[in-house]
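When the chains are written out, they are named A, B and C in that same order, and each has its own residue count from 1.
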Amino acid sequence: MTTTSKVRASGLPGAPPLPKRHKGGGTWAAWYLVAPALLLLAAVIGYPLVKAIYLSLFSDTIGGTSEFIGLGNYRTALTGDGAGDFWSALRVTGLFTFFSVALEVAIGLAMALVMHRAFRGRGLVRASVLVPWAIPTAVTSVLWRWMLQPEGIVNHLTGGSTLWTGSQWPSRAAIVIADTWKTSPFLALLILAGLQLIPDELYEAARVDGAGAWRRFRSVTLPLLMPSLMVAVLFRLLDALRIYDLPQLLTGGANGTTTLSMLVVQSSIQQTKFGYGSALSTLTFLIIFGVALVFIRFMGTSLLPADDEEGRTA
Amino acid sequence: MKFTRAACAVAASLASVALVAGCSGSTPGDSAAGADGTGPFTLVIGKDTSGKLQSKVIDLWNKEHPDAKAKVIELPASADEQRAAIVQNFQAHSDRFDAISADVVWTSEFAARGWIQKIDPSGLPIKDMLPAAVKTAQYKGDLYGAPITSAGALLFYRKDLISKPPTTWKDLIDDCRIAKQHNMGCYAGQFAKYEGLTVNATEAINSAGGSVYGSDGSVTVDSPQAKAGLDFLVNGFKQGYIPKSAITYQEEDARRAFQQGKLLFLRNWPYVYSLANAGGSDSVIKGKFGMAPLPGANGVGSTTLGGNNLVLSSYSKHKKSVEQFMAFMESPAVQRVEVEDLSNSPVLTDLYTDKKLVAENPYLPILKEGLLHGAPRPQVPAYDETSLRIQTHVYDALTGKKDTAAALKELAADLRKIPAN
Amino acid sequence: MATTVHSHRRPVGVRSGRPMTARRPPSRVVRRRLATVGTVLSVLGIVVFCIAPFYWMIVSSLKGPNDIFNNDLWPSAPTLVNYRAVFSGENNFSYALRNSVVIAGTTTLFAMVIGVISAYAFARLHFRGKRLALGAVLAASMFPGVALLTPLFQQFSNWGWIDQYQSVVIPDISFALPLAIWVLSSFFRELPWGLEESAMVDGASKGQAFRLVILPLAAPGIFTSALLVFISVWNEFLIANAMTLTPAAQPVTVAIAKFTGSSQYQQPFSTQMAAGVVVTVPLVILVWILQRRIVSGLTAGALKG
């Protein structure tokens, strides 16, 4: 999928800014408006982030004092003793992210399109779509672990004897399936809200012009949906890249299912190795940052407006 | 711009309100400090499964010590989350936690980090306790806690199918043909990749005369004895006397298989006894099973010790009262309550043969035999990392990714790289 | 793919009349029937996909503690014993429910107000550093959540905030803000802001125009974001577990983590499932009602008015 040529060229990162029309006061008013959000984020997330970067430069000891070791922790993670774990976790995280987000977009889109149609009992469908997303994650993980036991309901109904959490690909499939089940509704709700923004008149016009259902979807729905869809996918990406609970509870990381966030928890929380754990957190942050950058650049140019973007109403 | 300004005002006030919002959660601020180290304190425990700790133990103490009342703080049921909460408070040097009921495997790390106090053994009935339980509370020869509960594993077996439980692995493997005749699995413990795998693996290694760390603290997990021990489990998967599905088992999955008649032998904790004997559709083996000590390479095996030690936070302001409370928790009366009302195993050796207790918990004398042969898991400061390494390499051996010797060799190399140990 | 539609502008000269059905060729009727069948099938598929595991959750919650290994699709002896256990004294569950409502409600309120204000600025105002600011907001969603626990705990502990609502609410607001701001500003950008200007030409102030014209149009987006924020806070565990030590401020997720069986090894599966049902069902019903009453009301009103 490429987003359209019609997207404002000024939205492309690196594109030359449009000539400035509004100067001075407007900027300050806008900064006042966004200040509360930025200050809060700086305090709650920015401060720990900076602290983590600082801590990542120190060694871990038990009982002794930590020493400044420069980038030593990063070397351990990338090329040293931790490299095997790190690169494998990166691959696994990427794999989970790709498959679960792809499935979730497909299923979420289908859910949203169905929910958007008018039919009797639509409210009920909307309510049922909400259910998987509304169940607390802790409960979801227990539920799936229980259902996927060798003697559990899934094997019972399918007559299979798959060891869902006992070997590599079934484990990975189990995690992707459970994650897709849980978070497709998130995408569905966001996409539905995007669909509701599209004026009915456009469909009517397209219909009058003789466009079939597929054609209407491709040339009316999808392009107009793109901005909301891309925001939804972007946030799912960020979340999926930090996946922790499901693999932890379903497999404990066995059979090649250890993700980056699990490594972070293992070192910073379980092993109380703050230096190394902070280095892993920072690396995870940088990787996700890179993915987001690439995503915005290639998929969602409309996501990030230019600094001096022109008003729509002009 | 009127609207913008109004919005700014709203936003600014929101930000300030957010900072003081909802201060209605109450604080447990009992800080009536006694200069001599006596005074009220908090007792931090995992979730009290019975709900009777307060009425049967704490109320008793509080009645006798109105100036040094204990206030219970319950943490989540999962050991990982308990540890995370305890560590958070230690790191913040907080005196919110005074006495902590800590999993036996945390003692070494907490002691090495200086988070918990050395305990004077003269105030505690050390010689009346299970030696292995006392050992779990020691670090570098000093006592860092009062063992208050112990735990050991049992071999559950189908007494309707075999007359006499096996005492060695060889006997057990021989009995497996009976399982085959009945088209059921033979033996299972807990082999999913989690702490339970460390327990099962160290148990097998210790039961063959091996060890993970020697008494001098050096890594010994690559010894022939350790290999013989782990081979009992590896061969189980290879030869089929352990069912394939056991690689996904934690305690509850294994109990499920046993209770549904799919296993001849089960390695599990004593809690299975009452559940497998309960009514309902969950157990088809009610009244059809017996219990024995775990078998080993040459006779009774060595169970891995679980249980909890009561430790004293270095940041506590009322250490004296906590030490008195420790002695109270070791008293026969309280230890009896641990068995009768709290479904735990006691640390006082005599209670395992107490007539009244045995009548209700017939596994106690069998468990005692196992516990006398039992051993703690590695007593190292970096326990979590050690356990994770054990899980990784043992899991690889069980799933056939590596052979036993290679897995143990790599495990030993990894363990030698952990500087803190 | 080619897009011929400007996302931000309504095309001029759209005809509002519907084509008359009589003119349709007969094959259309057949196609329409097929489409109906397709809709029914996809609706069924979606409902089954979403509800099947939840159904198993309900069934499990109705089983007695000694029947949980049973794979029958309906419990042979349904019992409410698990629901009674959830609300039994020692679990403090009703208190935890109250805490969850307070925490999720407060967080949603603050996050939405701050989010709407910021999103308005990002979507409608022109200022230098906008992209940087939006990027910074997004970056806040990229740091592993567990890495925030220790520094925040130490800070809040120093301030004596542990076990108080704000130690959970403030981090939760920050977790919710990036999504809220991005979703809302992408929505605001798609709105027909020409209507706002028309309202102002008709004599409304900028504030009135925003409140009376734009907000109702944005209602689906605002409602959806609020819903997503509310549910993610409702389900949040990490922060709540770290910052609350006693039942005073503990929400349901932490209360559920404290459920146990008769021993530490027994997993109280059916009780956990009952708790899951108790926290999910009212939420879904509430959303269902809100959606019908508020959103359709607002949207309809705006379009008519």
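Basically, a residue touches a chain if its C-beta (ideal position, glycine included) is under 8 Å from a C-beta of that chain, and two chains touch if they have at least 3 such contacts.
Chain identities (UniProt): A = Sugar ABC transporter permease; B = ABC transporter substrate-binding protein.
For clarity, every value in this text was computed on a predicted model and none was experimentally measured.
Q: In terms of CA centroid distance, which chain is the most far removed from chain C?
A: Farthest from chain C by mean C-alpha position: B.
Q: Write out the two chains that share the greatest number of C-beta pairs in contact.
A: Greatest number of C-beta pairs in contact occurs for A-C.
Q: Based only on mean CA positions, could you tell me how far chain A sits from chain B in angstrom?
A: Result: the chain centres lie 37 Å from each other.
Q: CA centre of chain B versus CA centre of chain C: separation in Å?
A: Measuring from centre to centre gives 39 Å for this pair.
Q: With centres defined as the mean C-alpha position, give me the chain A-chain C separation in Å.
A: 16
Q: Quick one: which residues in chain A touch 2 or more of the other chains?
A: In chain A, the residues touching two or more other chains are 29, 33, 36, 40, 151, 269.
Q: Mind pulling the chain B residues that touch 2 or more other chains?
A: Those would be 1, 4, 7, 11, 14-15, 18, 84, 256, 260.
Q: Of all the residues in chain C, which ones touch at least 2 other chains?
A: Within chain C, the residues that touch at least two other chains are 69, 114, 117, 120, 125, 149-150, 170, 173, 257, 267, 269.
Q: Taking the touch rule as given, give the residues of chain C at its contact with chain A in the complex, in rising order.
A: Where chain C meets chain A, its residues are 1-11, 14-16, 18-19, 35, 39, 42-43, 46-47, 49-51, 53-54, 56-57, 60, 69, 71, 114-115, 117-118, 120-122, 124-152, 155, 170-171, 173-174, 177-179, 181-183, 186-187, 189-191, 193-194, 196-197, 220-221, 223-224, 227-228, 231, 234-235, 237, 252-253, 256-257, 267, 269, 272-273, 275-276, 279-280, 283-285, 287-288, 291-292, 299.
Q: Name, in rising order, each residue of chain A that touches chain C in their complex.
A: 1-2, 4-6, 13, 21-22, 26-31, 33-34, 36-38, 40-41, 43-49, 51-52, 107, 110-111, 114, 117, 119, 121, 123-140, 142-144, 146-147, 151-153, 156-157, 181, 185-186, 189-190, 192-194, 196-197, 199, 201-202, 204-205, 207-208, 213, 218-220, 222-224, 226-228, 230-232, 234-235, 238-239, 242, 244, 260-261, 264-265, 268-269, 274, 277-278, 281, 284-285, 288-289, 292, 302-313
Q: What part of chain C is in contact with chain B in the complex they form?
A: So the residues of chain C in touch with chain B come to 64-70, 76, 90, 99, 102-103, 106, 110, 113-114, 117, 120, 125, 149-150, 153-154, 157-158, 160, 162-166, 169-170, 173, 205-207, 210, 241-242, 244-246, 248-249, 254, 257-267, 269.
Q: In the complex formed with chain B, which residues of chain A make contact?
A: Per the touch definition, chain A meets chain B at residues 25, 29, 32-33, 35-36, 39-40, 61-63, 81, 149-151, 161, 163-167, 251-255, 266, 269-273.
Q: Show me the residue ranges of chain B that touch chain C in the complex, using the header's touch definition.
A: It comes out as residues 1-4, 6-7, 10-11, 14-15, 17-28, 46-51, 73-78, 81, 84-85, 88-89, 91-92, 94, 96, 251-252, 256, 259-260, 268-269, 271, 274-275, 278-283, 343.
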